[in-house]
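Letters A, B, C, D, E and F mark the chains as written, and numbering starts fresh at 1 in each.
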Amino acid sequence: MTIGLEHYLALGAILFCIGFFIALSKKNAVGVLIGVELMLNAVNLTLVAFSRFGSAEVALSTQVFVVFIIAVAAAEVAVGLALALVVYRNRQTISVDRTTLLKG
Amino acid sequence: MDNVLEQYGHLGILLIFAAVFPSIPLVASWAMFKFGLRPKLPNAVKSDTYECGVETEGPTWVQFNFRYYLVALIFVLFDVEVIFLFPLAVALDSVVVTGLVAALIFIAVLFLGLVYEWRRQALEWR
Amino acid sequence: MTTADDTRLAMQGTIEALTTGDGSEPVVVNLGPQHPSTHGVFRLKVTLDGEIVRDAEMRIGYLHRSMEKLAEERTYTQNIPFTDRIDYLAAMSNNLAYCLAAEELLGVEVPPRADAIRVMFAELQRIASHAMANGTFINDCGAWHTPLFHMFRDRERVLDMFEMTCGARLTTNYMRIGGVAFDLPEELLPTLESFLADMPERIADYEALLLENEILHARARGVGVISLEMAINSSLSGPVLRATGVPWDLRKANPYCGYEHYEFDVPVGEQGDCFDRFLVRMAEVKQSLRILRQVIDHLPDGPWLADLPLHARPEPGEAYQRVESPRGELGFYLVSDGGPAPYRFHCRPPSLINLSALKEMSIGGTLADAIVTLGSIDIVVGEIDR
Amino acid sequence: MSDFGFHLAFWSLAAMTLGGASMIMISRNLIHAVIWLVMSMLGIAGLYLTLSADFIAVVQVLIYVGAISVLMLFAIMLTPRAERDNSQTKASAPAALVVILVMISTLWVAVDTDWGAVREAALTEQARLIGESLIKHYILPFEIGAVLLTAALVGAIALARQDDEDAAVHAASLQAELEGEESIDPVDVVDPPIVSDTEATS
Amino acid sequence: MTTQYDPAAAAEIVNASAPGAACVDGGVLFLEPGQLVEAIETLRDAEQSDLVFLCNLTAVDQERYFEVVYHLQSLDLNHIILIKARVTDRDDPSLPSLSGVYHGAHLQEREVYDLFGIRFEGHPDLRRMFLWDGFPGYPLRKDFLQMPGQIRAGLPGFPHESQENAWPVPGSVPQRPQHPNDPPPPSEVTVAETDGEGAS
Amino acid sequence: MTDFTGLTSVLGAWYDFRDLNNLQRLITEWIADWGPDWLASIITGVLGALGVLGVIGPTLLILIWVERKVIARFQQRYGPNRVGPRGLLQPVADAVKLILKEQLAPRAADKLIFFLPPVLIFVPGILIWGVLPFGPRMSVADLNVGVLFLLAVSGTAVLVIFMAGWSSNNKYALFGAMRAVAMSISYEVPMVLALLTLVVFSGTMSVNGIVEWQQQEDVIFILLFPLSAIAFFFAASAELNRTPADISEAESEIVAGYHTEYSGMRFGLFYAVELGNTLVVSGFIATFFLGGWWLWGLDQWVPSWIILLIKTGAVYFLLIWTRGTLPRLRVDQLMGFCWKALVPATLLFVVVAFVQRTLLISEGWDTTIALPIMAVFNIALTLGAIMLFARVSRPAPLRRPARIRMAGAQIGGLRAAREVASRTEEPQFQVGGD
């Protein structure tokens, strides 16, 4: 059996779901961010897999896309953590279920 | 046979060696213990946290100063911006002047960010 | 715990965090007693906010040997070895201060040769002590022992001369009430001559290595600053006081052992920071060499020890005598009740009293600054604790 | 590289990635979670290598392992001790259900779909190609990327770095809230339910 | 050369502002404990005395009373004066603290408190300095060996030799056996809690 | 690893020690005759790894001796001279002692993480040897993205240091770790930017490519981009935690930094990896800025790896020299120096490199003329930048000179101090200041 696109896609799917679960279930804002990072990485993995196994035209643009995703993910983490810190400062907690900023 | 993969395969072998190499003295040390040549006599005082000979006061894993976070923040964004510049630098041969202009604009924006941090005193450690 | 308590505590935490600045918890860090930079078993307990020192407290007593109590049981002569152990880096100065106080109680006249020898050894001791102080100070600034070892060479030569003269290097026990224990050995003066000949070059070396060193400037200038008024009010003395600009040197102000016959200057700093203390010490070494040259040139002949019974019993009374030790004003306060032993034996320890302003000097600086400040004060824990 | 080496690499890296990710789920300590995340990221970087995407792999290590994880660790060190656990909310059971449904459907799609031609040769000199592509086709996103990152930096610093005056005002209002329960200025009250709790118990 | 400042002149300055605060006895200036701080502040600030520098602060146990000894120095005028204050209450000796006048008195007063047990009222941080909290008695008092710590002269025995003569260790003081004839330990000893960090 | 066209003078025989690849090729060809091709590949990798470790292992032991001996000479003492001839076996004795020493683990430590760092810290340190070219094509892996690989892998060490410091649950260790991490990540930025100038100019990210570029153009990069070289040197010494930037294990402040709680051989590993990293960083400085294995044709006659080792040794000596001479900077000063001096300066040089490279390409200038002109320009720019920094960024206390005056006959307190201060005589010492 050769390892092909399906293997990577399945791996990406499982990883995405683990990340999704972490993002949904964790109390801590940093924990949620970790989950989101995992999801983004799963997507990246899928994209790179397509770049390797897909047609030659998409090969390059997917990789460029991945670079952009990594950059945006870094920006997201930076801003997300800063937000978490501000929330902590003002609310003394970064646990997401106790933070109800938008509630009344 | 894929040349890139082979190169990284060599690095993978080196990685295995890199993990084994430092383990050798540790394993030797463990073997010495098994042969009874190395002492292992822990007691309450020995396995205490070292704080210059007195008991530690207060917790260690405290909430830390803010500066460290700011530094990491600036670093992350610089690092990410740099990953755009490396491919551009390699490709400069084929995209000559357009590439130069793009790079200059990019660096200018980067520099503006640095100036902003400077002005906001984010670079001051105190 | 209820949610309300939780909230209340949380709010308390926020208030503290917001008022302390960047919302970090203060950390209590012990520097010492077993720490590379405390020059002995000295413990500095600092409260840090990040790297900034918010509070500094010293804990001492690890080397307390209760010398003041012990001295009440021994005769005046038997007490001289104790004074070696008070400040083991400046044993000669301590011997001298104690003997001066005892001589005042007993009313002994010291022969001129003994005075000259005392000055010689007090100044040699100052050179040795300042070499150690400056070397360890640079070490505290983070140098990898190089200046320390270089300065140790000079200290080593001084200690060799001590050994030549009295057989001991560190705890000399050389001074006696009424003079010194032995006359100078023949080989001492040539050794001292060659030492005096070599030292200017050595000092030029140190100045080339250290004085224009940008990193040293960055580390020590403007660090641990103490104002002139505060320094006087805190009873600081020695190089720490002179670095603030106060020209107060007991060798000039209250000359003992014939210091009035020698020509020398008192170096004073301007800003009272760590670097000025360092510079004052460097300059003092030069002045000590000047004094030593004059001592050799005008060394009187004659007896070196006054005629005095071994178990002298002074009249009831009291005496306070001080000398300018390398660390500052070193005083001995002796009370006699007419017995063979002092009724009260008190040492004014310059190291301890110079620490009075340590807290003020270090608060607001970084942890590294606190270490440099401590190093620039030049403490000897044996003298602090006694 | 032979098939054997390739298989070995793929399965061990996949195990590393998924193992790290699953350990994040279980670990209670946030710092451990970040370290497991790093392990997972390293696994993904290795997987990129098996896909011959060396530039992306190296960037992955550089950014995720070298930078983002450090940022996360520092953020954790900045929060108080009580906030450093990584436990799960009460909503984890329904979340698990949803996630399992998503997983089944995506896996089914991934395995069942015919993804078309499989290329044998990978790209070479990817960094150069990406650089050319950035300038020739994506020059606008490239510059916008710079602006985005700078904006993120500015925003994050502005968010995270509260001015001292703000802090003082905030502390004062909280102090007032804590001390004089009667004289609460409703403007200062950030969260009415919690304050009413405080009042009720005091 | 440092001169001795005339105690009579100093007494005059002090008595001008606080009558009866100073007297000269045998060439030594004695200050009334109650007005010590004001008197020394006057001496520090007065133009002709200018005693800005506290050289030395210590105490002497004169059996019946304690004498606290101050050596004050004027740097500009280069004179020194010896000032004494008597504390007669041996059970609870106390004296006003000079730490408000001279910052340098801070540590020296702590030392005197540690070794003599003289409390300095108004001292911001009066704790033992060399000895640990809970150390029995005050070693520089002449009657130290009669004090309730049951410390004996001579070398202590090693722990395995004899429990009789071992040094008191921190925390052990309240549990030490008390001889029925011994007076009860002073309140500092029983109340003071060891901070559990060894000698400090 | 089969392309030998880059070699200009290949004897091709296994005994040609100028290029050890010949030996390896011989083996692989022999295996290829009878075995599967994956075996040859693996054997090649193993040989490379063994070669690297064969360099590292003994060199580490010798380096411990060298460093102690050299530092001792700086300090006018003998250094190790008891064990073996001239003390050469001292490191072995140390290693034996460390192996036989009890290894303590603090009770309060986070056990899961505490035991990993001594081993993990080695991995990046050894892995970056893989891209260091000892000769033309003579590296374990000649990567297209070698420079980025170097940065990425060395960046992971930060995490291990954090793990070590955090898991010890010791204040000094945590302080050391936080400082180390903050400093390493800060100095990674000028490091990246300094390397970016090289990549821009040589147009390749391969480490070997950069050396070949220098060989081709007959110029070494320290002449073309001196400021990048200085920035890289300083940033590297900061990342290595060596004085003047050893704040993360500043023994006068925080005892031993992040490895305070590690004892026995675990400490020994931290110590060894520090030396190993110093060596490999010296190697990379030699490679990037001093021409690596190439030395104006001498590499035709002398084995290239010996040339590299000599250059590495020279850089290493420089590192020991700075360590033996300079005091340590403070955290805020180091950070300020990085962000306010090195980053803008290296950024400026990235721009310069971009512009000059574009000029070279688009105008088609003759490099033998253009490069010297650019080198002169860049050196002048570097000197200007350094002087600007020295003038502008001095902190306020340093602008005034520190003066020591002589009081002469003046004695006294406040009044006398004012009189001495108001005198206009020549001070005894006057140092610093503008």
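Going forward, a residue touches a chain if its C-beta (ideal position, glycine included) is under 8 Å from a C-beta of that chain, and two chains touch if they have at least 3 such contacts.
Model, not experiment: these values are computed from the prediction.
**Q** Which chain's C-alpha centroid is most distant from that of chain C?
**A** Chain A.
**Q** Based on CA centres, what chain would you say lies at the far end from chain D?
**A** E
**Q** Look at the interfaces B-C and D-F and say which one is made up of more C-beta pairs in contact.
**A** Higher C-beta contact count between the two pairs: D-F.
**Q** Which integer distance in Å separates the CA centroid of chain B from that of chain E?
**A** 56
**Q** So what's the Cα centroid distance for chain A and chain D, whole Å?
**A** Here the centre of chain D sits 6 Å away from the centre of chain A.
**Q** Report the inter-chain centroid distance for chain B and chain F in whole angstrom, where each centroid is the mean of the CA atoms.
**A** 15
**Q** By residue number and range, which residues of chain B touch two or more other chains?
**A** Residues 1, 4, 6, 8-9, 12, 51-52, 54, 56-57, 60-69, 72-77, 79-81, 83-84, 86-87, 89-90, 92, 99, 110, 117, 125-126.
**Q** Could you say which residues in chain A touch two or more other chains, in rising order?
**A** 67, 70-71, 74-75, 77-78, 81-82, 85, 89-90, 93, in rising order.
**Q** Note the residues in chain C that touch 2 or more other chains, in rising order.
**A** 7, 11, 13-14, 17-18, 23-25, 27, 29, 31, 35, 43, 51, 232, 246, 248, 253, 366
**Q** Which bits of chain B are touching chain A when the two form their complex?
**A** Going through chain B, the ones touching chain A are 69, 73, 76-77, 79-81, 83-84, 87.
**Q** Can you list the residues on chain B that touch chain C in the complex?
**A** For chain B paired with chain C, touching residues are 51-54, 56-58, 60, 62-68, 125-126.
**Q** Note which residues of chain E are touching chain C in the complex, please.
**A** Against chain C, chain E makes touches at 1-2, 52-56, 58, 60-61, 69, 71, 75, 78, 82, 102-108, 111, 115, 128-132, 139-140, 144, 199-200.
**Q** For the complex, give me every residue of chain A touching chain B.
**A** The contact residues of chain A facing chain B are 67, 70-71, 74-75, 77-78, 81-82, 85.
**Q** Going by the contact rule set out above, which residues of chain C touch chain F in the complex?
**A** Listed in rising order, the residues of chain C that touch chain F are 27, 29, 31, 35-37, 51, 138-146, 149-150, 153, 209, 211-213, 215-219, 221-222, 228-229, 232, 244-249, 252-253, 265-271, 273, 275-276, 279-280, 282-283, 366-369, 371, 375.
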